[in-house]
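Okay, so chain A shows up in both of these, paired with chain B first and chain C after.
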Partner chain A sequence: MALSAGTRSNGGSANVAQRLQKELMDIMTHPTPGISAFPVDENMTSWAATIDGPADTPYAGLTFKLSMEFATTYPYTAPTVLFKTPIYHPNVDFSGRICLDILKEKWAATMSVSSVLLSLQSLLGEPNNSSPLNGQAAELWDKDMVEYKRLVIARHKNPEELET
Partner chain B sequence: MNSFDVPDSTDWSRTALPLFEPLEASLRCEVCKEFYVNPVITTSCSHTFCSICIRRCLSTDGRCPACKTNVSTHQLLPNIAVRDLVKHFEEARPKALDLARREHNADQPNNKRKLDESDIEQNDLGSRTRLRRTRTRIIADGLQRDPIEVPDSEGEDDGAYVPDHLPEGVVRCPICQTPMKEEQVFSHLEDCPSEVSQSAGNGRQTRSTTNNASSRSTQRRQNEPSPTPTRLPQLNYHLLKDVALKKKLQELGIPTWGKSQLLIRRHTEWLHLWNSNCDSENPRPKKQLLQDLENWERTSGGRAASTESKIMQKDFNGQMHASVHKDQFSALIESARKKREAVEQDQTQGEAHSTTGEDSAEQQSELQSKPYEGNNEALATIREKVAAVNRSGSTLASLEAGATSPTTLARTATSSHLNPFGSPSKIVPMFEMPAEPVVDAESSTTFQ
Partner chain C sequence: MDYNDRVFASVFSVPSVSHTTPTPIATPDLGNAEPGESFGGGLFGGNLGNPQRKVKRNLAWSTATRFLSLPKGNHADTDPSNVENEERPNTAEVQDALEYLLVGDGKPEIFTEDNLLDWFIDEAQLHFATFARSEVEQWWNEEIPLEAAWDTLETTQRLLQHAQNVYLRPLAEHILPLLNDTVEPESRTLPPEYRVSERNNASRRFLSALHGAFVHSLPSQRFSKTLSYVLYDAGLKVFRIPKGKKNKVVANSAHEGSRRRMQDLLQGLDRVGLGGDKAQKSFAHAMDKLLDAFINSHYLRVDWHGKESELESLRMWISKAFIPLIELVNTCLRCHPTSLSAPEIQHWHDAALGRLGRAKVEYLFEYASDYHTSRGVLKTIKEYMKLPNAKQYLTTRFSEHVSRRLLSPGATTTYILDLYMCFIRTFLYLDPKGVLLERVARPIRRYLKEREDTARIIITSMLADAAAENNGKFSSAGDLSVEIATEMQRPITSFEHDVSQGLDWDNMNWQPSPTDAAPDYKQQKGHDIILFVLTLWERDDFINELKNILGDHLLRSQDPEYANEIRLLELIKVRLGDDKLQACEVMLRDVLESKRINSAIRAPIAQMRTPDNRALQAPGGPPRTPQPRQPVASIPSVPGLGTPLPKSSVDMTLNAHIISSFFWPSLRDDHFLIPAEVQNMQRDYESRFTHIKGRQKLQWKNALGDGSVALELDDRTEQFDGLMPWQVSVIYAFQPQPGEEWVGKGKGKGKELGISRNVEQLEEMLEMDEQLVRQALAFWVGKQILREMDHDTFAVIERLTSANMDTEAAAAAQELAEVQAQAQAGSVKSQHDLLQEKKDVYMTFITSMLTNQGNLPVQRIAMMMKIMVAGGFPFGPEEVTILLEELENEGKVIGIGGDIWGIKK
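And now, the complex of A and B:
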């Protein structure tokens, strides 16, 4: 007979690794095109991810690498996500830090690695220009898309070109 | 059962019952992804979570994590139907999954040899015939023992019943008739799902057997009565001095060491544990809750390893990782690479990918967006890995013994300077008070 729910406990020790493992299984069995994610450490608290730039945006055809760090409080707190591939974008600074509401005050415990990556992917095509980290990018997005795109491509490096 | 078998709903995806995947997923909590434990429904927005999961969310921001509706802990009611569904689904799961896997494997000509040696007769009739014979046989066996009928895809029975003879060294469990290696029988007998299997195609009987089983266990539990505990009220920490808070903790019988932030977090977690236990059909004794609190102390509380320094040491592209974790991951990466090659062959005329660094030593560039589909080897490796982590108790204890490169340190120092958000890599305590004033969930007074 299966373990009775009354004796099974996720109290106190609700395990971050267990939850992340289930997310990984889900990503592996139902991959989303344009998105990948994989743990890089044995405890699964640190992941590497990629997103492909959406079509019809200045990022089309480019792939961006990200890092995701999960605290022991995950999923009650958001993962820490950074762009590792240099990216020219109004809501990302030059160190790869991201300003996105769901990674801060709008985070919810039902969100996941996939939902974060999908949100980031759509952020590429729909920047929030009202509170930019990169003011120049926000301005160019509205005024000079040709120059914007040139800077996007100039700043982008393919993952294999990245050195540690 | 394998020690590294960590079940999840994707277990169904490559079986004869793929629709059981969403079924099982709907019996799992959206927060912890486990089967619901003490499920409660929010009366304001009708979402269901484990009691402890929603209570933790509410301590964090006072909102339902699914729809962001404001929810108070008074608006949680045990969801009894879901509780029973989970219980019975979990009971039915091992047998159902086993059957669904066997049926699926029998459908795959490539896997057939491994699955059923006895059925391999080198015949010249082609794989289609062999496949059909395998199916027929399994169906025939199934009808003998199991309440599951698998209709043949062509709706005919050609009578090709193959007599039941098992390969050398393989016997059937005397109770449930599952074929297995001789040496496995004794260990199998210990958890043989005998009652369900013997019901021999009679649905009603199966059901009553299950009912008997559960009422038996209910009786057993009722023989060890534990008084239903009453829910503890939230405290207005803002108004409590350290001394008073310590006294409260002492009264509750939980540890009183640590600074006031830790005392608050510990008390909050105790409320989660205690109050979610009140939503249980069979509340657990306080002793067990104290053990849970001790686990919390190790993973997230006062005895947790300093997560911050570990995370900051870590470097996404770092050679440190590559070397330290190479062994654990080499098998996984190997399978992923193989799979990717297969995928790439499939997609030769597909769109060009911008990342293909064949020679790159980095893990990530080895991984295209779909490297794992159907990669059971990789899945097994991950399960094993996670099980090892679970066994080790603390999620962080075994992580990274030192090994900090100067580069990493330098980078860390720089990034904390440039950080425009304060400190994103700083770990927020799990139940830190929200920055915005929120309604005190239990007492409806506000605190800062």
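And now, the complex of A and C:
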């Protein structure tokens, strides 16, 4: 029993690695400006990603780092995605956790790393204020964009600052 | 001593003829007074007998010594028998004196009185030193030239022998007979000269003292060397070994003569005390050299290639000739025992084998290179390896040879591979366990791995047709290893993976690894030479290379059955396991399947077109790719093309290779237009293919494939096969275009040149690279179909006349075309092309990596690329650095120092 279970999970992670390698190739052959992602090490199941804040949003000109963890059941379950760069956003809490439907109940096996990152990028410009993790941000988004922007800048850190 | 004296002496008892009378007669020796004794008191005291005995003894001594004293002067030339008899009459008086001194009352008291024998020894030594020695020495004062060695020794021996005879004579005649000859009982069993008796002892003492004097008269070093040379020389003659380079064969009679001469000399030397330890040492030295000389002359001559080992004959020589010689010499030198014991004989055998082996190992490199014909030598070496240290010596020497002679830039990879195969065979023969092979092969393997073309040559050779090769078709083409190709022809030996590696407890044939095996030694079941070649690389690297070469090969192969390719795959599968070879199998299946599809598609076409021209092209549907199907089709075109005749319907057929892009290596994909007729056929083919295969679509690869054309010119029709597609396109472009009136058609029968086009036109018409256009043009000029009219303008030669037949230009162009074709040869992309083509993807990889992981060293980047890039990243840090530098120029990344790179902010 133990043996066969082990085999299955090995097979599973091999499939995950294969799938992820393919996604990586897709990203590399069709790079999307403002988005990049790369595995952290050889085993492919944890990635680091970078997205640029979209122009015409309070996040323009800022760069955000994220981490993505893929379970052995990927792509049937969504990856775990966290903002590593502190961000002031209605749908992101202070530890970087994200509230986004496609990362939860609306995940589908047809989605991919790049589609997740694209969704997150657009989330920056179009927060879902109906179910905020950060109530203040949701409120300010509607009421006081100047203050909102100030808080975004204040909270943001450059990648270099993060690493130290 | 005059005659009168002698007469007088014969009558009267005169104690001395020549000397003064001894004192005691005139003045008795009264002895010395003891302290406190009155002078003369002792005369009548207790020791009265003493003075009388002394006097008597003195008298006898004087008489005896006078008699025995040796004649002055050098008597070397005279006959010793004459000397004494005449001058020294053996009178009764003398006889008495001798008896008295030796056995009578005058016998010396130990320690106090002189011994007559001692005196005689002194006398002899003194005499020798005074008279004979200088004569002997004059022979030895200078370096002895080799030619004079025999003479010197023989003369010396004669001189000494003579002296010895002279000295021995008085001893033997006058002293020895008086001595007691009773042999002591315990020594009776010994040979006569070793028995212990008073007489024997005396003569031994005398001889040993005399021989001491002889030995000291000769320079010992020089003497041993000379003797050693003489023995060596005698040995050479006895065994008829040609000396030096003169190769003079000694005549039969001479060799018996030499044996006797040597025997005489040795016995003579032994008699004068020059035998013994010293001579034995020289002898040993000589035998040692003799063994070398014999082996060098008999077993290292040109006959390397005997199929039988020479060992038997060497053994025979040792037992039947060499050992007897030693025994003979031992006899001459009176060694005990004269015959050799079994261990000694074995020792000589081993010594001989060791020498032979070492000598052969020097040439092992050559023997191994010519493995098939060197069986005999290898047997010898195999035997030699049983000796202690032999293996060590062998591997060391061999490796030295290999690294000096083989692993150098001057050796072609093919050559190294060929020899490597030979070495594998040789060493597996020498040491079936493979330990030695592993030791010597390691540097070769390491070196081969570094060469870029190794894998290509191996695989091409495996695919090559060895039979054709033996006919000299490929001969020294340089890119094929004949050895490998031949090896491939052998039946596949059953080959099992020994998975258990000693864990199979039921294996009753299990054997431990040899004691001298390296730690990573793996016991092999059976010996598979090909496997040694296949395991040069990591399996995956090898398979990648295999894919590339196999792809190229399959597209070009003329063999409709693909027998070699199938066989190769099977061979590799058995050895490397089949899990990794899926891609290769798919490739093989693709080409086989293409044949089937071609005939299926052609069936309806055949009714319309005659299958004269053959075009081959290939589209492929990747059956297992989950992506949208994107079959790659390589297309070649075959127009039957008559320049002057704008035939509307040309007889053509189109064959395609349908290959699955996903599994094949990246293929060339030059863009150009192919003749419209062929395009039509492609479309036709496509639709039929879709019909047969459902939704799969074809994508043509026009640069691959080949074509045949028939050119109908005014005065001739030329048929060409195996043309490159672009060559076909270019010549087809010389067809008159619609709307372009071809002048020659109706009236221009007399024209020699047809339509002309220039390079630019062609580039435009065909959307082809200038390089390809020029190459094709050069090809056709070489074939005397086209001619360069003007700079960059070419025209068709409709009629070949002496006027426009510019053979030289054609030859030059042909040469040019060939060179270019070679550069273009592969249908699979080269490493460099591949890097250029994928550069963008790779650069994205690198920037993404640096963006998300921070700064990284080049090594790490290269490693990650190898892991991350699907389909493999066949490059190393050097290429990565090139990419990084390019990115740096674009301002995207920045070198941080060391090998570390980061994203430029």
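The definition used in the following text is that the second predicted complex is superposed on the first by the 149 of 164 C-alpha atoms of A that agree within 3 Å, B and C clash if a C-alpha of one lies under 4 Å from a C-alpha of the other, contacts with A are read in each partner's own complex, and residues count from 1 in each chain.
One rule holds in what follows: contacts are C-beta pairs under 8 Å (C-beta built on N, C-alpha and C of every residue); 3 or more make two chains touch, one makes a residue touch a chain.
Note that this is a predicted model, so its numbers are computed, not measured.
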Partners on chain A (chain B, chain C) - clash or fit: clash
First, second, both or neither for A:C99, with chain B first and chain C second: first
Which of chain B and chain C A:M28 touches, first, second, both or neither: both
Which of chain B and chain C A:E69 touches, first, second, both or neither: first
Larger contact residue set on chain A - chain B or chain C: B
Which superposed partner A:V40 touches (first chain B, second chain C, both, neither): both
First (chain B), second (chain C), both or neither touched by A:I153: neither
Touching partner for A:T80 - first (chain B), second (chain C), both, neither: first
Clashing chain B stretch [against chain C; choices 26-34, 242-250, 260-268 or 440-448]: 26-34
On chain A, positions contacted by chain B and by chain C: 21-22, 24-25, 27-29, 31, 36, 38, 40, 42, 44, 48-50, 65, 159, 163
In the complex, chain A residues that touch chain B: 1-19, 21-36, 38, 40-46, 48-50, 52, 61-63, 65, 67, 69, 71-73, 75-77, 80, 82, 84, 93-95, 97, 99, 104, 108-110, 133, 158-160, 162-164
Residues on chain A engaged by chain C in the complex (per definition of touch): 21-22, 24-25, 27-29, 31, 36-40, 42, 44, 47-50, 65, 159, 163
Of chain C, residues touching chain A in the complex: 841, 844-845, 847-849, 851-854, 864, 867-871
Residue ranges of chain B touching chain A (in the complex, touch as defined): 6, 8-10, 13, 30-38, 50, 52-53, 56-57, 60, 63, 65-66, 68, 83, 86-87, 90-91, 93-94, 213, 217, 221, 269, 272-273, 276-277, 280-284, 288-289, 291-296, 299-300, 304, 307, 311, 314-319, 321, 325, 328-329, 336, 353-357, 360, 362-365, 367-375, 378-379, 382-383, 385-386, 388-390, 395-396, 398-400, 407, 414-415, 418-421, 424-425, 427-431
